[in-house]
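What follows is a group of structures, each given as C-alpha cells.
The two complexes that follow have chain A in common; it is paired with chain B in the first and with chain C in the second.
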Partner chain A sequence: MFTHIWKKEIQGELYTWKSMLWLVIASLLFSFTSYLLLTNAELSLLDQTELMWLLGKIVIGVALLIVTIDASSILNTEFEKETAESLFLAPISISDFILGKLFASLALWAAIFIVSIPYILVTSTGSHLALAFLGYVALLGTLGVLGLIFLIFGISLLYRSSKNTITTALIILLAFATPALFASNLKNDIVSQAFSAANPIDNIFSSLDNVLVDYKTSLLENWQFLLPLVLFCLITFAFLFWSARRFEKKGVIKND
Partner chain B sequence: MKKPCIIYFSAIAIVAVFAIRAQASGAPPLSLQILSSKTLSGIAGDFVTVEGQITNTGSKPLGDVTTYLSLMDNQNKLPVDLEDWSVEKGLYIGTIDAGQTLPLNWKIHFVKAGTYSLIIIAEAAGNDLPQASAITQFNVSPKRNLNPGQVLPVALGTPILLIFILFLLAYRRKAEE
Partner chain C sequence: MPDIISVENLSKSYGSTKAVDGLNLHIRKGEFFGFLGPNGAGKTTTIRMLTGILKPDHGKIAIDGRPSEDKQQIAKVIGVIPESRGFYEWMTAVEYLGFFADLYGIAGKEKDDRIASLLSEVDLTKRKDSQIGTYSRGMRQRLGLARALINNPQVLFLDEPTLGLDPQGQEDIQLLLKKLNVKGVTIFLSSHLLNEVSNLCSRIGIINNGKLVAEGTVDELREKTKLNKDKTLTDIFLNLTRNNP
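Let's look at the complex of A and B:
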C-alpha cells in the first residue's frame, strides 16, 4: 500500500517544472564547483584525489540540505492541509504512510546522486578511484540521508508543524555540519574527538577522505566510519518508532 | 713594571676567549653546492627537482646537521610558505664525517606563476650562523587550460539537459490538461 503514497509523492515532487528546478540549481552548483576545481589556477593544482574529496563533500552536503527541507515538510503538509485524517480513514497503516513518504524523500537523494554521476566521473578521469568514489558517495550518502530522514520524521510526528520541524532539522544539520568542517588540528581534545566519532557528517567526510586521499577503499578499512553511521540510523529509527507509537496512541487530532 | 704586565696578559686572555667563542659560534664548515641548473623554468603544476650536495669541509665530524629550504617571491618581495611547494620542507641529516659529501634532492611543485629565489640552508649544532647555498631561480609560467578532463561538456551539458527535461515535463503536463 505504501507504493501508492510513494508514487503520489514522486509525482508531486519530480513531475512539475517547479518541483524540478532545485535539481537544476543543484546541477549548476556541481558544474560551478567541478569547473572551478579543475580550472582555477591554484585549486587545479591540488591533488586530484583532494578535488574528488571536495566534490564528494559538496554532493553529499547539498543532498543532506535538500532532503532535510523536503523531509521536514513531507509529513507535516498532510497534517497542515488536514488530509492526514482522510488518509488514515482509508486502509493505510501508519507504517505504510511513513514508508511511502520515506521512499519519496529517498527518491530526491537518488535524483541528486544520478545528477552528480557525470561530475564524479569527470573529476575522477585518469585515476583508478572512479568506481570507489561513486560507490562510497552512494553508500555514505544513503546512510546519512536515511538516518536524517528517520530523525526528521520522528520530529514531524511529534511537532506536526512544518515551520517548527524545518527550524529544528536545520539546526540539527548545522550542529552536525559545522564541527565536521573544522580542521583536524582543532579536534585534538577528547570532547571534540568523541563528538567527531559520533557525528554522522564527520564520519561521512572522514570515510571519503580515507577512500580518496588515503586509498583505503575496502569496507573493512572504513568500518570505523560506517559503524557510527549504521548506529546513527538505528538510533534515529528507534526514535521514529517511538514517535510513531506515540502518534498512534494520541491520534491525528490531539496535538499538544 | 708589574702593572703593565698584568694588563698585557689580561688583554691576551680576553682576546683568546673571544677568539675561541667566535670560532664556536661561527658558521659550520659546510659547503652547499647546487648541482641542478641555476634557473629552473616550468608551468604552474609542474614538478622539478633541485639537486645539491653538502660537504663537511672541516677536520672533525659535525653533529645535528639540518638542511631546509627558503623560497622568496621576487615580484612581491615576500617569503613563500612552502606548504604546497614541497612535501619535505627540511631534511635532518644528523652527523657528517669530516670530508664526507651527501646528496640533497628536493622535489618542488610549481604552485603559482611568478619568479622565485630558492636557497638551501644548513645548520649544525653549536654554531650560531647557518650556511647557505647559491640561489636557484624559478620562472613559473601560468597554466591556461579551460577544459581539463573534458569538464566543460559536463559542466554545461548536465544543467542544459535538465532544463530540457523540465520543458518536456511542462509541455507534457500542458498536453495532458
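Let's look at the complex of A and C:
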C-alpha cells in the first residue's frame, strides 16, 4: 500500500520545481567545489585523497541539509493542507504513510548521490580508492540520511507543523555538524571525545578519513564508525516508533 | 432492518470540555439520517470518531457489525466527506480519484470504469484533466463526493457536503444523495441547512453540548416539542437546543 503513497510523493514532491532547484543547487555546489579543488593553486597542492575527502564531506553535508529541509515538510504538508483526514479515511495504516514518505525522502538523497557521481569520479581519477570512495559515500550518506529522516519524521508526528519541525531539525543538525568541523586537537577532553564518538556526522567524516587517508577500506576496519551510525539509526527509529504510536493514540486530527 | 451504525455511550473530551457526552445512536441499513446541532455541539467530533479518525475516550462503535478497532475493514465499507476539504492541488481529477482507487485496491478496467462513471455522475468529465488547483469550490465539493464514492460504500458520512455552494450546486448534490439512498446506501448527513435535512432525511438526531437531545422523524420531534403542525424543523431545532442548554 505504501508504494501508492510513495508514487504520489515522487510525482508531487520530487518532480517539482522545488526539488529540481535543490538538485541544481547541489550540482552547482559540487561543480564549484570540484573546480576549486582541481584548479586552485593552493588547494591543488593537497594530496588527491584529501581532495576526495573534502568532496565526500561536502556531498554528504549538502545531502543532509537538503534532506533535512525536505523531510521536515513532507509529512506535515498533509496536516497543513488538510489532506491527512481524507488520506487516513482510506484503508491505510500509519506504517504505510510513513514508509511512503520515507522512500520519497530517500529518493531525494538517491538523486543527490547520482548527481554527485561524476564529481566523485573526476576527483578520484587515477586513484585506486575511487570505487571505495563512491561506495562509502553511498553507505555513510544512506545511514546518516536514514537516521536523520527517522528523527525528523518522529518530530513531525509530534508537532504536525513544518515550521516547528524544520527549526528543531536544523538545530539538531547544527548541533551535530558544528563540533564535527572542529579540528581533532580541539577535542582532547573526555566530554568532547565522548560526544565525537556518538556524533553521527563526526563518525561519517572519520570513516571517510579512515578510508581515504589511512586506506582502511573494509567494513571491518570501519566498524568503530559504522556501529555508532547504526545505533543512531536504531535510536531514531525507536523514537519514530514511539511517536507513531502516540500519533495513533491521539488520532489524525490534533485538537486537544 | 439491522443496525448498520451502532453507537453506545460514546464520549470524547478536549481537556476539560466534553465534546461528546454519552452518545447512543442506532442507524438502520438504508436509512437517511440527519445529524443536527449548533456550532460546537459535537457533530464533527462524532463523525470523526465514527469514521476512525479520532479515538473516543469511552464507548463502543460498530459499523456494519465491525468494531471501531477494525479500522481497515471499516474504511472499505464507508465513504466520507470530511470537514477538512484539502486536495492535492497539483493532481487532475482523474489522477486524484486514481490515487484513492489504488489505496482501496481497485485496479485495471474496474478502476478506469469507476472513475469515468463517478466523474460523469458529479459532472466533472469535461474538466477531468484539469488540475484541482483550478477548480471552483463547487467542483471541489463534487470531486470530494466522487472520492467518497470510489469504493462503492455501504455507508456515507457527510459533514456539511453543500457548505458554501450556490442553490444549483446544493440541488445537484442533494439529487445525487437521493439517488444513492434509493440504491440502498445508508447516509449520515450533518448539515446546518435545516431545509436540506428536512427534505432528505427519514430520521433526524439533534445533538447539543455533546448530548443527543432528541431523535426521530420530523413529526416525532414536533410531537416531542409539543409544537403546532405548521412549525418547521427550524422551530423544532431552536426549541430543542434552547431548552437543553
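In this text, the second predicted complex is superposed on the first by the 251 of 256 C-alpha atoms of A that agree within 3 Å, B and C clash if a C-alpha of one lies under 4 Å from a C-alpha of the other, contacts with A are read in each partner's own complex, and residues count from 1 in each chain.
As a convention for this text, contacts are C-beta pairs under 8 Å (C-beta built on N, C-alpha and C of every residue); 3 or more make two chains touch, one makes a residue touch a chain.
Just so you know, these numbers come straight off a predicted model, no measurement behind them.
In the superposed pair of complexes, A:90 makes contact with chain C only, with no contact to chain B. Legend: residue contacts after superposition of the two complexes on their common chain; A:10 is shown touching neither chain B nor chain C. In the superposition on chain A, A:21 makes contact with chain B only, not with chain C. By the touch criterion stated above, A:130 is placed in contact with neither chain B nor chain C. When both complexes are overlaid on chain A, the residue A:170 reaches neither chain B nor chain C.
Shared-chain residue A:119: touches chain B; no touch with chain C.
In the superposition on chain A, contact of A:34 is made with chain B only, not with chain C. By the touch criterion stated above, A:81 is placed in contact with chain C alone, chain B being left untouched. In the superposition on chain A, no contact is made by A:65 with either chain B or chain C.
The contact surfaces that chain B and chain C form on chain A in the two complexes overlap at residues 16.
In the complex of the two chains, the chain B residues touching chain A come out as 44-45, 84, 109, 111-113, 142-143, 145-146, 148-152, 154-159, 162-163, 165-167, 169-170, 173. Those residues of chain C whose C-beta lies close enough to touch chain A in the complex are 13-15, 48, 51-55, 71-73, 75-76, 78, 80, 82-91, 99-100, 102-105, 144, 147. Of all the residues in chain A, the ones that touch chain C in their complex are 1, 4, 8, 12, 16, 78, 81-93, 249-253, 255-256. By the touch rule above, chain A contacts chain B in their complex via residues 15-17, 20-21, 23-24, 27-28, 30-32, 34-35, 38-39, 41-42, 44-45, 115, 118-119, 121-123, 125-126.
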